[in-house]
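Same chain, two partners: chain A is paired with chain B first, then with chain C.
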Partner chain A sequence: MLVMKNINKIFQTADIQTHALRDFCLQVNEGDFVSVTGPSGSGKTTFLNIAGLLETFTNGEFLLDGEEVGQLNDDGRSRMRNQKIGFIFQGFNLIPDLNLYDNVDVPLRYRGFNAKERKRRIEESLERVGLASRMKHLPSQLSGGQQQRVAIARALATSPRFLLADEPTGNLDSEMAQGVMTLLEEINQQGTTIIMVTHDAQLAQRAKRTIQVKDGRVSELEKVTPIMNQAIA
Partner chain B sequence: MLETGLILRALARNKIGAMLIALQIALTMAIMVNAIFMIQDRQQQMKRASGLDEANTFYLTNTIFGQDYNIISHLQTDLNMIRNTPGVVDAIQINAVPLSGSGWSMALQHQPGEDQDAVGSAIYMVDEHALNSLGLELIAGTNFSQADVEIRKDGQSTWPAKTIITKAFAENLYPDDWQSAIGKTVYISQNQPLQIIGVIKAMQAPWNGWNGVERSMLVPFHREAKGGYYFIRTEPGQRDALMPIIEKALAESDKERIIRRVTTVEETRKRSYQQQNATNKILMTVVITLTLITGFGIVGLAIFSINRRTKQIGTRRALGATKGQIMRYFMMENFLISCVGILIGSVGAVALNMWLVNSFNLSPISFELVAFGVVALFIVGQLAVLYPARKAALIPPATATRTI
Partner chain C sequence: MFNYYLRLAWISILRHWGLSLLMVCAIGLGIGAAMTTITVNYLMSANPIPEKSEQLYYVQLDSWDINNPFNDGLSPPDQMTFTDSTNLMRAQKAFRQNVQAQAFGVIEPENPDMLPLIVNGRANSADFFTMFNVPFIYGSGWSRASDDSKEFVVVLSKETNEKLFGGEDSVGKSIKLEGNMFRVVGVIDNWQPKPRFYDITTGAFNDSEDIFVPFHLIVDEKISRSGNTNCWKPTGDGFQAFLASECIWTQFWVELKTEQDKEDYLQFLNAYVQEQKQFGRFQRPIDNRLSNVMQWLESQEVVADDAQMMMAMSFMFLIVCLLNTVGLLLAKFLGKAPEIGLRQALGASKRTLFSQYIIESACIGILGGILGLVLAYLGLQGIEILYGDSMKDLATLDSKMATLAVLLALFSTILAGLYPTWRACNIQPAQQLKSQ
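Up next, the complex of A and B:
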């Protein structure tokens, strides 16, 4: 479960203070598929960065699987990202010099799996996205949709509890976008919790829940449930 | 977990930059190792003992301009005066000074006659006080006696009957047993016999660059010549004080000659190796410059590579890499590039050394020096990449979600 309560994020430069998130509250339960929409500059990406432990927050409380994230140091956040979170980026973020096999291998090495286990996971996850036969190809030899599938395979290989997707279809044509969405739905049905930031209202509707972020707040405020209160306590 | 395989495969797809740095490392290695080898070689040459008591000896030139001048009589008077000066251990007349750059040489042969193999040697004309005056160590045989000392006139071509030679010379003449030299007769000027009566531990020739610099011989002569050296040995710590005293005493005792160039043997050694010292400094500058250029090259390539891969590094961080793992990635990458460079460099260093050995008669490079080069360049490489790697580790994971 992911619980955020009154999260604030302030970006401070010499002259300007930008309040990117204001008292942001959200609860994402096990198995959820949440789409996050909102206009540009609303704080969607900041939320995703904080949810993915890519960025720290100024104040508030954030529990990930019951663990208070604010207490973790940089190495602790890195380990938690590696163990619990998978990322799918708008630009795929594959490493161009590595073939598909090696791209999927990257987070597995950080986890410290042995070679045999890594091989099993790489093959399994590439199989899952339908690219097992192309594992020796370089990303540049694939279409955009296929590259995003590789990124999904890389995210899935570590068996994450949460899959965070930042505009996963933003660089794809509609046909490829539909394919990726279908794949995400399948993954969600198999139990992985997904949080997806998107501009595309139509795709957002395919999620189980949709929240809108505006001016750094969840516009339709998520209610803090008793479970959430217990978790924070 | 080390990412050696991934790094190698990624490098294989971006060969040019890595190969250029590897070649730079190789070139640096080859030049550095050989330059250090040459520096060491020179330093060893400079450290060779002259055989003299350098700390307590000095010499001066005695140039006579007087007419009807009794050289031998004045020589005895001068030597007696110097030897009786408090603080002086002994003194001699000598025709040349070790390492001074100027002297005499002759060749000795086992058999008389033309077309015989002969071995060249520096020749010093001295009397029975030479061993004591120069501080030489007699390790076999005997010293000259006063009766052995002959007067040598300018232009004279005959030689006395006895000689004392250095151990290095004895080893050259009698490779199987240098001690067997004692009592043997050798020939100078093709057919004049000389009996070897003593062997001294060492006494260098006047020319430090000569490959026979350790081969010297003493012959018992007082030279009846208008120019020559007086060589003086003092009690420890007395040399500097006695130099002006003796110079003044000699100058005042006889107005028909000039006393000049009062010089210590230490100063002579320093001047003798001035060129070697300068060459060593130049070589060391080349080594340091090359090493710095290589270091900066590594820094430059690493920074360029990091700037090019900022998003990729952010992605790795997002995928769970710790700062330490990012640093390790770049240090390992540099290590692998260095391995290639150092491997090529080691082969290059040995090849260059083989060429130097063949061309300039140097000795072969030692394994230890190559090993030193390997370690030094690994350290330089790792130090050079430390800052860029640290910079890479500080790239925030949120870079992964930024649209650059």
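Up next, the complex of A and C:
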């Protein structure tokens, strides 16, 4: 479970303070598929970065799987990112020098799995996204949709509890976007919690739950299923 | 993970081969220049007889002019008068002692087809060979008895034995030197101590001599002496007057086993000088010195100032090269900011990233070290060509120096890589991931 209570994030320059998040409150339960929408500059990505422990927050409380992450040092945050969180980015963010096998291998190396276990997970992940036959290809030899599938395979390889996706279909045409979305839905059905930032209202509607971020706050919460929960006031 | 980081480093080096090549060249040039001068300095200042350098002492007595001190009074004369060296020899107070001077002569080969051979020689005492651990292929040095009975004996260098006897065992055979017949008692194996510590007055880096003969032959004028001679007052006419003069031209070494022996010998020298003062000699305050091999080489500044200056300059050049490497590494690592951000997102801690990129720096350092070795070898060849035979044995890169070159490159590059690596590890991942 992911719980954020009164999270504030202030970007400070010499003269200007920018409040990216203001008393941001949200609870995401196990198995949720939450889409996050909102206008540019509303704080969606800042929220996702804080949720993914890629950025620190100014104050507030953030519990990830019951653990207060504000107190963690760099090693602790890195360990938690590696073990509990998977990332999918708009720009795929594959390492161009490494083939698909080695790209998926990156988080597994940091996890400390042995060679046999890594091989099993890599093959399984690539199989799951339908690219097992191309594991020796470089990213540049794949289409955009295929590259995003590799990024998803990489995110899934460590069996994360949370999958954070920042505009995962932003660089794809509509057909490929539908394919990626279907894949994310399958992953969610198998138990992985997904938080997806998107501009695409249609795709957002396919999530079990949609929230809107405006001016650094969760301004709207739409309950899609009767089971799904809501932001904490 | 180490092997994984090595693999990543190799991939990165190949991927950015232009930048990597520039760094390897910068480090290679710096290491090459530094190692060339370090090697020369190292060999110049090496201990030529480590097994007993602490037991061999060069003897100095201050017999110089009271009004005009030798070396501005900083040290006693660097050689000894014939009078003093023969008196000290006669006293036999040390475990071993050796009086010596440089000599030269002409050998007339038995074979009439061979041209006469001009040879550099050393006139010395019997103890010379055992004191200085001279290796022999055939025979040995002569005995003290041979010195006492003024025998005409000779020890040949390996090269001279090759020329005269085709390399065969010549012990017992005779050679004609300066018109006199000499019996060969030994043939020295390859022996080129660098520095040539036993006589640095005639060139610390010269080759050792072609022949060795008893010192008394100079006194008896059976062989000509050479080398440096310094006098501070007129000598009078004739060779006997020269021998009795205050001119310094002999070198005197003793072997003393213990510190106590050294103390005792110094007391003996002081007593000797005190005694000589009664004859009107040694008018200066007593300043007798016993310097072991390394002290002697250091006091005589065997490592030339210009060699040390060159070494200092080459280190400055290495620093410039490393500063360039810092810039290039910074450019390379910051260029990989998106990958670094991604790796952080995937679970790499700053510590992990630091290890990865410092290993990449080390790999570049090792490649630079290997290039530096090649350049150092070429640099040493250049020095040998420039300075000729005197640098022949000093311009060689042994395994110790080769290892040092690689370690120096490794250490320097890791040092140069610290700042770029630190910068790389502090990249904010969120910013990089979004900007991709």
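Throughout what follows, the second predicted complex is superposed on the first by the 220 of 233 C-alpha atoms of A that agree within 3 Å, B and C clash if a C-alpha of one lies under 4 Å from a C-alpha of the other, contacts with A are read in each partner's own complex, and residues count from 1 in each chain.
Note that contacts are C-beta pairs under 8 Å (C-beta built on N, C-alpha and C of every residue); 3 or more make two chains touch, one makes a residue touch a chain.
Because the structure is a prediction, the values reported are computed rather than measured.
Trainee: In the superposition on chain A, see if there is space for chain B and chain C together, and answer fit or clash.
Mentor: In the arrangement built by aligning on chain A, the partners chain C and chain B clash.
Trainee: Have a look at where A:P107 lands relative to chain B and chain C in the superposition and call it first, second, both or neither.
Mentor: both
Trainee: Regarding the shared-chain residue A:D74, is it in contact with chain B (first), chain C (second), both, or neither?
Mentor: Both chain B and chain C are touched by A:D74.
Trainee: Report for A:N49: first if it touches chain B alone, second if chain C alone, otherwise both or neither.
Mentor: After superposing on A, A:N49 lies in contact with both chain B and chain C.
Trainee: Which residues form the common part of the chain A surface touched by chain B and by chain C?
Mentor: 45, 49, 52, 54-55, 74-75, 78-79, 81-83, 87, 89, 91, 93, 95, 97-98, 106-107, 109-111, 154, 158, 166
Trainee: Which chain B residues qualify as touching chain A in the complex?
Mentor: My answer: residues 1, 3, 5-6, 9-10, 13-14, 311-312, 315-325, 396-398, 400-401, 403.
Trainee: If you look only at chain A, which of its residues touch chain C in the complex?
Mentor: The touching residues are 45, 49, 52, 54-55, 74-75, 77-79, 81-83, 87, 89, 91-93, 95, 97-98, 106-107, 109-111, 154, 158, 166.
Trainee: How about chain A: which of its residues touch chain B in the complex?
Mentor: 45, 48-49, 52-55, 74-75, 78-79, 81-83, 87, 89-91, 93, 95, 97-99, 102, 105-107, 109-112, 138, 154, 158, 166
Trainee: Given the complex with chain A, which residues does chain C contribute to the contact?
Mentor: 1, 4, 11-12, 15, 338-339, 342-352, 428-430, 433-434, 436
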